[in-house]
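We call the chains A, B, C and D, going by the order they appear; numbering starts again at 1 in every chain.
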């Protein structure tokens, strides 16, 4: 059994992570941390865990946490992760970080988009980006993996094959993205209230969203070209699910079958990706760690559609996938 | 044109009130108050009012408000209403109070359920309870009307005919009530977050809810008997609508037709009540000021079902109905 | 009072139409037709009309209908409209047609997209397209007005000012559109079942949707250029509302303020259009006949966002707006 | 590996069953039947199964099915089950029947509520009712298990401890039940359309619902008293989840702690039941096979609240639980 600890246990991502780990045959959750006082039992924070996980949420230091587990899932807000992770690593804990703190390689870009001076910049360049379908070889031995953003994964997984296959232009890709509300977290914000979101739909972050530089960075790195996307997220009146509808420009004439074949070949041995013939719905992958995608033509315009569950493949699912690879378990353990 | 002012303009009830009043041919909204600083234009608080109401939300004293309108709709939290209303009345303003402050006749009961010592107890006994179908004769000349609670109206309207008709026992009436989320207001509460409410259903206030003594008081007053109900509210994953499913005990044998006839006769001349043959849905009355109800037998058990829109007949709609009666307009102006 | 009749009374659009007309001070609904047998009272088809409209749905011929009203709202399926409208017009009835039958000017395009040979092609070229903000001058005297499609109106209203202002290229406009489920009608289709749509989001009609040629036709006509859009609709898990997020290419450098000013000027005297400073939500216009829109830059990419209620400004609201103009009433009667 | 087949593979219950069985380490799904022509691949019926289950839905006779598996899950409509099950059993297949066909012991009661003459009445008395917490001892050796109804399980599990503990009266128990829409199945019914259900709430089956005699039968059998309930179901605007709010009458004075202790003791060794201290939400058990319950007092009135996922513990989850017991696996395999 591998002992794992969870930092930041009160949010939706942590809850999803716990539910997945409870199905994992080789994992024991040994601690859960939160800044809340009084060490509340975790089932008072997440009622659905009543009788399933007998653990109190403790206000622990990173050093204390490092003594409690071999692996840590860090579900803290950005900024808080960099405050905890160096000590976790120093204490011998390997870490999957679900925050944005170690995703971007350039501390200047981080500062611009997150409004914080990065306090652990030397690790930025060397931390592996935890999208196993693209960066799988760096994960088995990594002490720290930066789990990708949910929009980011969905967009990147959809665009990578056609980009690397030389079918599409690296510039001017439009990513019209839509996400369920759980992606906004469990914080008390007016915009997350039921009556603000229900029976409502709108765009947000229209003039620039933090996932845009992350998408550009990864697609550029993976394709060797300078990729720039227009990324426009929207909030869907539902719990979970992301659909990215993407409009790239063709570099050279191609048929739909060629594009589908390119996608299929790229992900041929990837157990959590499905290139499908139909138009995918977010519901097809809800409560799973799968990503479904397809490609279509509308006249001359290529449209790539990619769906994930923002809490699954978009957050907790890929975190456990990364953990499985780091710990030497089958990549899909507890995930399918 | 009657000049009206709105106190507490940031909530959902105030928004609904404004939308109804914008359709009212004899009303001009002359001021809207809020404690927010900076006198924000109202459309920055309620985007849907953009281009429809050109008004800033001001932080006004009750005395200032009284100089701005002939009528005030007071959509403040309980406690805040008693702090404002005496000055509004002293300033010559007639008031429809949408809070709970003047609904209960006994200051001790108010203190028990609202945790506050009532600061204007002398008005408690003399304030008319603003359910026009029951207390219509006291409304035309009232300086102050206490608008009922949303659950309360829905339950009371449904039970009154059979109770006054002598068909049912006053004791042991079970009121299983369900409400949309807008009834919980626009405050930042964990329980009002989209992901807590969506795809979820549960009871709350099970051991006692503030609308229970209000229901008991009004049904006892109107029937002349000592009525006590078991009132169990539930939160529905939807914006608007209340259904009360009520289980009274029959006092004497009766047929369904007799019970329906009793209801129909009681509300024969009431323009906003519909006794229907079918089983009513909350959606039938959503975005209206109507109350639909019916009665059925399941074996020997009588079941009364009554639906309203909690923001309509349950709050803003009945407030405008009260205002219309006070101001001498047709009762249904702007409401049908 | 103007006597109006409604053909095809069982759908959601007809219900919305009736609710609007019940608030109209100069309208009497004199008949409602349906092919259902037995002349059911309309409240058995639409429970919410109980006690509000005392009318049976009759299986009437167009000639009979023409004797019952001065105006007809035709909410029939496409194909059925052309079968009824010539007789309605011959009978002296003026008609607002909510189907697609008279929207397209080219019978070949109609046949391609609707799979039907048009049976009244001579009226195609001469029928006014009922978007009053663009074609208002032809409506007052029109015997027949072709009410636009819901997606169509939302996209066209959003793109017209910038196109006519010479700011954007006519080719390659991407229209990523999202609609609530009521736009799919009340027919029994697997894809309209609650459990298929709820907590789900997907694109449909990706390779070509009927509203695409309609958008192209109208934008080309109004701008004098050959406009072609890529139109990708998506189904939102909610009742009502359309958002079109549109990505045109700039023809010449411009600032956001210039683009907003262009929009504002274009719609300066249009009472149902609001060019807003904020990012609009479908909920802002739900249950209204308003269209809200704005424009933003993301880097160099222009994004136009436009929202309507698909049953309001997208269908029944604009139908009543057209009727008001035809009948000589104020354009916004019963609509604001 | 145990070979299992699924009859009636197109519905929501079958999909849930398949998803659970895909996680089962000892099960291979060897066939899925449907009356649809052309043997469609199952992922064309359930898109979410793409790449997860490579199987065509075949139109098989019961005898053919019996050659394909050791166990059959029968998710056919009532009436169709009795037509298939005798042949399945004769062919050596053991069966979990998810229809209502073998739940009631009296063929007359079955005929009254289902409108069909029972064609296999001799099995009625001897078939075990598949609620393992109550009838667990009969399941290991049963050839056929009658899986309970979803409302039924939720109500029965909640009421049984207090009834068997002698705390409450067997007569006059009010069961106010609320269910998500998936309980209504995947058939094309007007009442299952998104726009009919969304933002709507109403009761149905008010004068008598098929689960009422089933609840009465089981509670009477288990308590040895003649139990009769008033059962009023309501339709919730959500996919999954049942809450039964139940109002029994106390037989003798008791405290809340005594009632909770009675519940806890009754289910002490039951791995899928949780007696909780808080008020349970349907969301706590969504996508699981757990049942959560508690009890409260409101004045003198006892309120029992019990929640399940209607597709989980209410249907597919309990079916797999029954299968596990029949096949000799741990009761909770694939379920927690």
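One rule holds in what follows: a residue touches a chain if its C-beta (ideal position, glycine included) is under 8 Å from a C-beta of that chain, and two chains touch if they have at least 3 such contacts.
All of these numbers come straight from a predicted model, not from anything done at the bench.
Asker: Give the chains in contact with both chain C and chain D, ordered by label.
Answerer: Correct list: A, B.
Asker: Of all chains present, which has the mean Cα position farthest from that of chain D?
Answerer: C
Asker: Rounded to a whole Å, what is the gap between the Cα centroids of chain A and chain D?
Answerer: The computed centroid separation for chain A versus chain D comes out at 36 Å.
Asker: Centroid from C-alpha atoms only, then distance chain B to chain D, rounded to Å. What do you get?
Answerer: Measuring from centre to centre gives 40 Å for this pair.
Asker: Provide the C-alpha centroid distance between chain A and chain B, rounded to the nearest whole angstrom.
Answerer: That pair's centroid distance is 45 Å.
Asker: Counting only residues that touch at least two other chains, what does the list for chain C look like?
Answerer: 196, 198-199, 237-239, 280-281, 283, 286
Asker: Report the residues of chain D in contact with chain B in the complex, numbered from low to high.
Answerer: 172, 174, 176, 178, 180, 196, 198-204, 206-208, 228, 230-232, 234, 236-241, 243, 245, 247, 279-283, 286, 296-299, 301, 303, 305, 307
Asker: Tell me, which parts of chain C touch chain B in their complex?
Answerer: 22-23, 44, 47-48, 50-52, 199, 274, 276, 278, 280-281, 283-288, 290, 292, 336
Asker: Spell out the residues on chain C that touch chain D in their complex, using ranges where they run on.
Answerer: That would be residues 12, 181-182, 186, 188-190, 192-199, 237-239 of chain C.
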